[in-house]
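Next up: some structures, all given as structure tokens.
In the two complexes that follow, chain A is the common piece, with chain B as its partner first and chain C second.
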Partner chain A sequence: MEGKPATSPKSGPTARDDRAPWLTLKMREAMEAWLFISPTIAGFLIFFAGPLIAVIGYSLTEWNLLSQQVTYVGLANYRDALFANADFWHVARNSAIFALGLVPLNMMLALMLALGLSRRFPGVIIFRTVFFAPVVTSAAAWAIVWKFLLQGEAGFVNQMLAGIGIAGPNWLRDPDWAMVAVILTRVIKMVGLNMILYIAALQAIPRDYEAAARLEGASDWQIFRAITWPLLGPTTLVIMVITTIGSFKVFDHIYLMTGGGPENGTLVLAFYIYEQGFKFFNVGYASALAMIMFAIVMALTVVQLLLRRKDT
Partner chain B sequence: MKGIRKVLTASVLAATLASPALAAELRFTIWTGNEAHLKMLNGYAESFRARRPDVTVKFETIPPADYTQKLTFQIAGGNPPDAGWLMEDAAPTFAKAGVLEDLAPALNAAKDYDFADFSKPALGLWVNGGKVIGVPFSTSPFVIFFNKDMFDKAGLEDPLVLAAKGQWTMATFQDVAKKLTAANGKPGFEFKDGQGYDSRIMHALMPPIRAYGGDVWADRKCGLDTPQAVASVRQLHDMVFKDKSIVAPGEKGDYFSGNSAMTINQISRASLMPKAGFKWGIAPLPTGPGGDSPVIGQAGIVVFAAGKQKPLAAEFVAHVTNKQNVAIAAQFFPPARNSVLASDAFINSNNLIPPAQMKIVGDAIARGKVLPAHEKSPQLLAAMKPRVDALWRADANVESALKAVCAAIQPLL
Partner chain C sequence: MTSWLTPRQLRLLNRTCWMLALSIVAIPFVFPFLWMLSSGFKSAAEMFGSPSIVPREWQWQNFIEVFTYQPFARQYFNSLYISLTVTLLTLVIASLAGYALARLRFAGASLVGLFLVSALMVPEEVTIIPNFFLMKRFGFIDSHWPLILLPVFGPHGIVATFLMRQYFLALPKELEEAGRMDGLSRFGVWWRVALPMSRPALAAVAIITFLHSWNLFLEPLIFVSSLEKFTLPLALSNFTDPYGVPLWHLQLAATSLAVVPILIVYLIAQRQIIESFALSGVKG
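Let's turn to the complex of A and B:
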């Protein structure tokens, strides 16, 4: 081989481009990476971080949206919500009841459906579709149908119950039953999503584990308790976190089914924030409530993550 | 020659550039999408162009359920319409916030406007200390819609006949509703749009309370715990739970599809009747111990103080609410102008409602009282709702429940 060695000016970590000799390759790669992720970062800053920071700022003001009068009040909105406003604690309690009712019920039902529908058998796709369909059904249509079914004496559900000798309550007008009704109808609507997540997780568990356990004489329950359930742990954590967050953020379902009634029995945090901000136009107070809700959901998520870490 | 050409060119250029600057477009928000309503409104815009050839008006429809909210966001977002409709319950809130322009100068300046022609009671919400914050365009009394076929089946005289005999009272109303329920197997009465327990609490409670001589609130004092209010609501409670003659909470009725014999509503709902498939009529509200007390729902036209073309918008409002244009609107929106109310044109304006029954509407406007409104209306209704929910239990103590409502709303009044 004669002539110059075949070295490229662009090779090596410190190679420089002819067009921009002051840039190292490392710098160039870093710049390219930032350019590629910049749309996402811009979206994050504009649509998430920006509003979040703005809400923190708003929460320190008394701001009437209509008159546009803004007064800095410091932490007064937080103090009022947490220590002076009895409605807030009533609403927070309702949100907690909703979450405590919905999350375990949703997860148990989703797991049971997934265990039944994770294996292949004729018609399994149809069953999965049937249980998933409510997830993609419009919330408004869902609410209209259920409000019709859950009428008092004339409702389909109560007529069915009457057929077996049970006098059903006036589901959506009885303060003792309205929360039950909204939880159950929400579970039926959303369970399909968690079912799909569980099915995916179940199908990822190697069959060998179950086969080996069966060779050792393990029962179905023992296989579930010792193999399936522990291996579903990460998925269960994800499902628990997203279902808990979703249950605290529930708004449309309550708005459409009960409007927070009867007797404020189903008035939950997200709906209360909506009332304060969009009906009474108290933007500052609504922002403070939103920050409190954010803190509650964040705390619950962290607790769940810590508990999971402790388990493993 | 060259100089003249330059001057001419400059003049043409200046004229061309100047014309768009003179042209103006007014934004006007409304909550109707009805084609006939839009045709009428666009007609107003056309006739306004006769005086202001360079002005166009763009009507923007916002659904009624979101109307006040979206309007507020437009104002807060710095993009207010120039003018628009405003519901009665929002008027005091908007006025208190100072977002409505005083229309008095424009109305006084308008030729042949005759502001004194407006019925004084109808202006209660819109005139404050010499300022005119809006002009009512719809002053619509509540009337009883009845299903004549159901009355005939029950062998009962209908409310029109009873009213003519002076027997259309709250007691008769209860009796008739009970008999209709028994004869037809469907409730005798349904609250307005089936929403009397939810978004139409005021429309459910106000007519009987006023018939008994009470009020929900007056002079910043809650009136729901007065003997008149308690007696009237107790009657409603009995009708719901003892007689089962009013569509119960949580049940579906719907007068307009023949599932209740009577309902309370405004004449704009007459547009649903041609498809109803039964004989029907409208009658005045039943009278009570407090006498004859028609209840009126209202909406006005306002100009927004933050608008960019306030004088022009106010001029357009004066145009829309002059005698001639109010007479045109009377076919859809009962007027507040006495001269139009008294005219044959109004009595004959609605092709669905016979003149004799339209006279009931006219009488009710002349003698009625507008629904109560307050600058904290949304908060008041939110505070009332859970306590009124407690009222609609079969075993509720009506007096205690109403006292609880007063305890909740008095601090806001």
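Let's turn to the complex of A and C:
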């Protein structure tokens, strides 16, 4: 080292900081990092990790808020939900119907809109803006307006239908139609989000592929089948999982449009958790339901990761 | 078979058909907004049975009654200040953490990242029950604290953190290193060098955070019970008679008041707003 000027403080693992000479620079950097990240970590532990552990604990107890008694009951809440209580399977069925109705409809419409709107033409921005507008609108406002439009005989939708000679159902009061109504209005609300994800993916596909295929005389449909659709694969997968998870979480939309009715026809999992936990105060049972929801979402995420790995 | 049309005319016809099809699909997207506005101006009697978009008599007093029926101005203000607070806190906290994850080397960095990502897989509904008891212990029931704390530190805040991290990773390091050479502290580099270069990411985070907070429903429903502490989504659902039957003329007038300013901002900044959502992608 002799003869050389002092090494720059930035170099070497044992370089010291002039402000705090007992610290190596590496230690100082780590300390600063932890300082920067500490609010996030603290919030994560207090409002996420702690509650997640707590909800596992709660789910093993019989805890009625009214009597303030907590007793350990093992897996009884899960047994109740899965085997004893017919409500749960009714709710699970509703959630499945909601997802199975919403996800394909949403994705097909999103893809079709994206295909139509991924190129530039006069007015394309207007259409994109229009289809995305419900996404920025609150679910509460959207549900209120649609509830109004879907009122029985006097509702606007039914008046229009009557105009062309169709007697519309009492959408939100008829057990068969209420689910259809909440699915359709939810699709309209959320499809814009998937649409823009698809547009982004479509715009990332190099134009040469299509041009080359056209030179070979491929039709629009052949280009879609052989080029566009396979290249959209990863996006489709992500959108599918996000949309499915989102459909299991849906709450405000249903709370405001049907209140879970009629005859519990639209009572879905997130609503059931809310009802059991915050209306009937069955904390233990509601926590078990929350864990079941957690398991479903985890399973979906794992499936996505596995599929993605197979893809690449 | 279409030899009587030139290719140019054919393309024009094709385009017209497309526009027409898109316009028809657009009806259920646009119409609810128009009908909401028009019905907000109608009298309770005209609500149903008159399928005219133009009200027979413009009932301006609906928009006054909205404010006397419940403390709507106060509720509006609540939504505004809570959303702004959440946005500001999220910007600071998420960009600090995102910066550390992107730029600083420390033992356990990847583990921290992994833990944070895991929170994205868990819906808020799963932890809402323990969070309720936590807030109760803090004495935060029927206050705005849960509506601020949960979004800032919940999955949404973590999405924001990773958005910021991605953006910082793509920035050139040289400017920050120059800042260090000039004697800026780590905090100074973050504040004076990294943040000013990250305006697009900060804007995206601000937009999705504000809207997320503004539209929040489950948390206000669970944590807030007094009328003057309601936020907008909860207030909108509360324009009912004592039997719970909606007072449609008031409800739709109030909904218009809540939705129209957001829509105006959206129309002005639609490109930026849509891009923000595309960037955050994993939201739903």
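The rule is short, and it goes like this: the second predicted complex is superposed on the first by the 254 of 312 C-alpha atoms of A that agree within 3 Å, B and C clash if a C-alpha of one lies under 4 Å from a C-alpha of the other, contacts with A are read in each partner's own complex, and residues count from 1 in each chain.
Definition applied: contacts are C-beta pairs under 8 Å (C-beta built on N, C-alpha and C of every residue); 3 or more make two chains touch, one makes a residue touch a chain.
Computed from a predicted structure; not experimentally measured.
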item	value
Partner chain(s) touched by A:301 [first = chain B, second = chain C, both, neither]	second
Touching partner for A:290 - first (chain B), second (chain C), both, neither	second
Contacts of A:261 with chain B and chain C, given as first, second, both or neither	first
First (chain B), second (chain C), both or neither touched by A:173	first
Which of chain B and chain C A:82 touches, first, second, both or neither	neither
Partner chain(s) touched by A:132 [first = chain B, second = chain C, both, neither]	second
Contacts of A:190 with chain B and chain C, given as first, second, both or neither	second
Partner chain(s) touched by A:278 [first = chain B, second = chain C, both, neither]	both
First, second, both or neither for A:41, with chain B first and chain C second	second
Dominant toucher of chain A (residue count), chain B or chain C	C
Residues of chain A at both interfaces, chain B in one complex, chain C in the other	148, 151, 154-155, 278
List of chain B residues in touch with chain A within their complex	69, 72-73, 75-76, 93-94, 96-99, 197-199, 248-252, 378-379, 382, 385-387, 389-390, 392
Residues on chain C engaged by chain A in the complex (per definition of touch)	15, 18-19, 21-22, 25-26, 28-30, 32-33, 35-36, 39, 48-49, 51, 93-94, 96-97, 99-101, 104-107, 109, 112, 115-116, 119, 121-134, 149-150, 152-155, 157-158, 161, 180, 186-187, 190, 211, 214-215, 217-218, 221-222, 232-234, 236-237, 246, 248, 251-252, 255, 258-259, 262-263, 266-267, 270-271, 273-274, 277-278, 281-284
Contact set on chain A toward chain C in their complex	10, 26, 29-30, 32-34, 36-37, 39-41, 43-44, 46-52, 54-55, 58, 113, 116-117, 121, 123, 125, 127-142, 144-149, 151, 154-156, 159-160, 188, 190, 192-193, 196-197, 199-200, 238, 242-243, 245-246, 248-249, 251-252, 255-256, 270, 273-274, 277-278, 283, 286-287, 290-291, 293-294, 297-298, 301
Parts of chain A lying in touch with chain B, wherever the complex brings them together	64-68, 148, 150-155, 170-173, 175, 259-264, 267, 275, 278-281
